[in-house]
Amino acid sequence: MPDFFRRKPTFNRDDADQDGPVVPDGLWVKCHKCKDLVYSKDFERWYRVCPKCDHHARLTATQRIDYLLDSGSFEEWDRGIVTADPLSFDANGDVYKEKVQKTARKADQPESLITGRGRIRGYDAVVSATEFAFLGASMGSAFGEKFVRAVERAIELRLPFISISSSGGARMHESTFSLMQMAKTTAALSRLGEHKLPHFSILTDPCYGGVTASYATVADIIMAEPGAMIGFAGPRVIEQITRQKLPQGFQTAEFLLEHGMIDMVCRRSELPATLSLLLLHYADATMGRHQPEYAYAGTPGEEGDS
Amino acid sequence: MTEVTRAWDRVQLARKPERPHSLDYIAAMISGFVELHGDRRYSDDPAIVAGVGAFNGRTVMVVGHQKGANTRENLDRNFGMPGPDGYRKALRVFRHAEKFGFPVLCFIDTPGADPGLGSEERGQATAVAENLLELASLRVPSVSVVIGEGGSGGALAISVTDRLLMLENSVYAVASPEACAAILWKDSSAAPDAAEALKLTAQDLMGFGMIDEIIPEPEPAHEAMDATLQRASAAIERHLSEIEKITAEDGIDHLLELRYQKYRNIGSWVDRQEEILTELPSSFASAVHTND
Amino acid sequence: MPDFFRRKPTFNRDDADQDGPVVPDGLWVKCHKCKDLVYSKDFERWYRVCPKCDHHARLTATQRIDYLLDSGSFEEWDRGIVTADPLSFDANGDVYKEKVQKTARKADQPESLITGRGRIRGYDAVVSATEFAFLGASMGSAFGEKFVRAVERAIELRLPFISISSSGGARMHESTFSLMQMAKTTAALSRLGEHKLPHFSILTDPCYGGVTASYATVADIIMAEPGAMIGFAGPRVIEQITRQKLPQGFQTAEFLLEHGMIDMVCRRSELPATLSLLLLHYADATMGRHQPEYAYAGTPGEEGDS
Amino acid sequence: MTEVTRAWDRVQLARKPERPHSLDYIAAMISGFVELHGDRRYSDDPAIVAGVGAFNGRTVMVVGHQKGANTRENLDRNFGMPGPDGYRKALRVFRHAEKFGFPVLCFIDTPGADPGLGSEERGQATAVAENLLELASLRVPSVSVVIGEGGSGGALAISVTDRLLMLENSVYAVASPEACAAILWKDSSAAPDAAEALKLTAQDLMGFGMIDEIIPEPEPAHEAMDATLQRASAAIERHLSEIEKITAEDGIDHLLELRYQKYRNIGSWVDRQEEILTELPSSFASAVHTND
């Protein structure tokens, strides 16, 4: 039984973070974008967002949940559902089973998706978060199965569904099995919608391929983190095929906002406030009950206000 | 390595420009076809054809990818790679079909969705995703047939139907063998290896229980066009009649339940829940708990 | 009682046809577009389409019905519903009541819309046709009332609805009354749709403003005649405001087809065949009955096949 | 001519840049407003604002035209003239509201829909028409308020609601007085005459039975912002409560029937059917018959 089936008590930041900060020593981290040095503890306190250039460093699934949910509220589901090898993929020296074992150890997670329920500022929700370090959070069968189980339990429990996504694309090693997870996850959300339960989708850097072209964009409200790269085809593929230079800011969250594809760009630090507000607004529809009195200080999600 | 050659040969056959394309199937089996155009938003995408007509005495709506028979036609049809406007034309036709209770037939034949700049700008991912959502809950019977190349989300976007059939020499995969080889091994010349590894033939997918029937091609479709079209028509009629019967007897909600289960159950994974339970660690992360 | 309340036994082609052919003598007509001479009787036989340049000359409402419906099948409805003067419009020497009387005489029709039921190659349908010579077929209250009554009767009779439209824009002299006809006609079509009855819309030259932005574009299938100018704002207004030269072919039927706004460009001579085919296809949905055997020669509406 | 001056004065007041605009109303009466963006098709149109929030303890969805308070803002907001993308953002929000059963509030404040080239290309007419269709059958209560300028189909496209209220100094017409004068008399300087003739004031429309209430402005809105916003909020609450009560007691289908009749009955025409009957001609045109 490999070690990665255990839940991680502490973050494993350096391995999992492909665009994250370089750590010159234990005390300081170097921002991947502006190259400035930031005091480590501050960086963590600021949700791993650079105070100089606002670069949102990539997070692991565990960090996501830790930053977003109320402390101690997360109850993980289906941690035992893991990848199989439906195609017996072994070609050109590329053995899927070995790759999965290696990536699981590196990511220190048994799968590319974590699901469960938790609370955001006191509001219950079902949550899914992708683990990019696990084969680029490509959507394999286990990913799809965990996602659908979570949606189905959200329906049973009458809870809203929040997905946090990043993905490098499809899981080639599962071919049509991977492809069909797009249909499978989306079909589950269709049921969620029939039960009048909302789906809020949070797109994070990078988000491409099957995930973007399925469950992550059929949401009632779509948010993205600043600067996140989001698209169907990757920029290199597009450049190769069109032989055009891509415009400045192409496929960024801000670009998608301008092109009408997302509801707002929301800073990481404001996600809990914005989501809890939405959970409050949709509580009536969700729980069939009256809402408490409204008393807000300010309006979150202002960055969407372009 | 004969096995590799075989899958790769299928890919070559599936891509043959002389192979019948969607409009050929429509001409052969849809009477009084009236083609409908446009997404009502931005453009009319020639890589998707759609319309209304009669199939064996009942009105149906048809949607298909459309490749060209030669280079000029292919340039006009963008090699059968739809943009978001094409998928939104399909979406419009799906909703139209639902409104009037017409069954939907789809013909799948695309290397994939268009990966161009304009397609990204107008939300290619969103367009594909919205079709998946719509088809999952569409309240009419639906049948699709992979007639050539079924490539990636661009194929899936019009194939999430009650029945999925494949021509014997068609293929269906998450990506083209070339793209797969380039992504995995930075070497698109390894496409034949990828073709084999991707398990993309009709026989493979039948083995996985992912499709409902293989329409045989005793001779490749482009060498026996009429016979192929007739076989396809007969197969579609058989499946459409079956799901119409289910709908008539058990109601459309039952059909939708079957459709949901069909896609919900696709997947291959392992449940290690019990192993974990025996190795439960004593300490938890601050926010990460488990209900196991 | 003015003369124009009577049904017209013969066409009154020259008055009503603003872009139509100039008639140098009784035997020949001159095409408005290519200026070629065409033998009058041929021109009529060819649905007033120029055999040289395919220019589709404008038609009166009566001509529309005569060309489209089976001979003797048209039963007109609500011919008595005519324009009132809700605003008592009298400004700058512009007296609405007088204008209406004058236009009615000129158009030789009591209103800007004709409605009724008829048959197209044997298939029953409810039909509306605009009379452009009547104040540019702008949508006044009487237009809206006749349209809605026709739709409501289509629902009662379970018949498909076919609208044939041209319009210069809104009826200024009825202001909000005119504006609200957009909501009124569209609401009626919403009911038609709830009853699963199809609406086929035929856009003809010129079709602008309130008509285009309401009932004429919320159709199940939209057709337009070749070369017809169709839009929201008129080309002069757009040029004035944007100070740009409009591109070649802007707002033509072919332009709209390319931009995804209509289903097909259909030549006038092919309209009866295409519509009857559609009426056949939708007969099941409409009448809840089985359809006859199919036996067609060729596929109409091929021009849409761009 | 004092009468003309009066209507024209209203137009000037309705257009005052200092007047409260949609976002001011939203800030005053919607708690925890979350703005939603984009049509999921092409762009996010800043001339339309939309979002979700709480109005007196219930969740509502809000859509409004948004003008700027100064020239720079107005350039950003296209002077409150939405393109098709703006109407499609509204459409998306209307459908979202219907899905979750949230009432819809709309604030009307536009000279008209954008008449530009791009708007025509992307189907301005179609976009307006689709909204009219959607609002006619939207299965949630809806209230709209004309807060400034209500111009043409561009205003109508988000105002076909169960209740239509107008601020005392707002106007609502089929076209701007300038456009009306230019079209009718080729003389836009005759706009004051047109303003009078168009009967575009709240008082006029109340007289025609076309609106449900005039929200008084003892002082013009821009000189008594807070009082105006409070009055508007109270009026909306009153009407929304009423139609929520109707819905609760008689069901949403009854509300939809009332909404249908509301718009179906707008119109002023004469029925001369009897006169015609007495003068029926003896001969008929080849295809033109009558059932009278």
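Order of writing sets the chain letters: A, B, C and D. Residues in each chain are counted from 1.
FYI, a residue touches a chain if its C-beta (ideal position, glycine included) is under 8 Å from a C-beta of that chain, and two chains touch if they have at least 3 such contacts.
Since this is a predicted model, take the numbers as computed values, not measurements.
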{"item": "Partner chains that chain A and chain D have in common", "value": "B"}
{"item": "Intersection of contact partners for chain A and chain B", "value": "D"}
{"item": "Selected interface, C-D versus B-C, where C-beta contact pairs are more numerous", "value": "C-D"}
{"item": "Length of the line joining the C-alpha centres of chain B and chain C, rounded to whole Å", "value": "40"}
{"item": "Distance from the mean Cα position of chain D to that of chain C, given in whole angstrom", "value": "27"}
{"item": "For chain A paired with chain C, centre-to-centre distance based on mean C-alpha positions, whole Å", "value": "53"}
{"item": "For chain B paired with chain D, centre-to-centre distance based on mean C-alpha positions, whole Å", "value": "43"}
{"item": "Junction residues of chain B - those touching two or more other chains", "value": "40-42, 122-123, 126, 130"}
{"item": "Residue numbers of chain A (touch at least two other chains)", "value": "193, 259-261"}
{"item": "All chain pairs that touch each other", "value": "A-B, A-D, B-C, B-D, C-D"}
{"item": "In the complex, chain B residues that touch chain D", "value": "40-42, 84, 88, 122-123, 126, 130"}
{"item": "Parts of chain D lying in touch with chain C, wherever the complex brings them together", "value": "113, 115-117, 119-126, 128-130, 132-133, 135-137, 152-153, 156-157, 160, 172-175, 180-181, 183-185, 187, 190, 193-194, 196-200, 205, 208, 210, 259-260, 263-264, 266-276, 278-279, 281, 283-292"}
{"item": "Chain D-touching residues of chain A, taken from the complex the two chains share", "value": "193, 196, 198, 220-221, 257-264, 274, 277-278, 280-282, 284-285, 290-291, 293-296, 299-301, 304-306"}
{"item": "List of chain D residues in touch with chain A within their complex", "value": "31-46, 52-54, 57-59, 85, 89, 96, 99-102"}
{"item": "Touching residues (chain side chain C, partner chain D) in the complex", "value": "1, 5-10, 62, 65-66, 69-87, 89-92, 94, 110, 116, 118, 140-142, 144-145, 148, 169-172, 174-184, 186-191, 193-194, 209-210, 212-218, 230-233, 237-238, 241-242, 244, 246-247, 250-251, 259-261"}
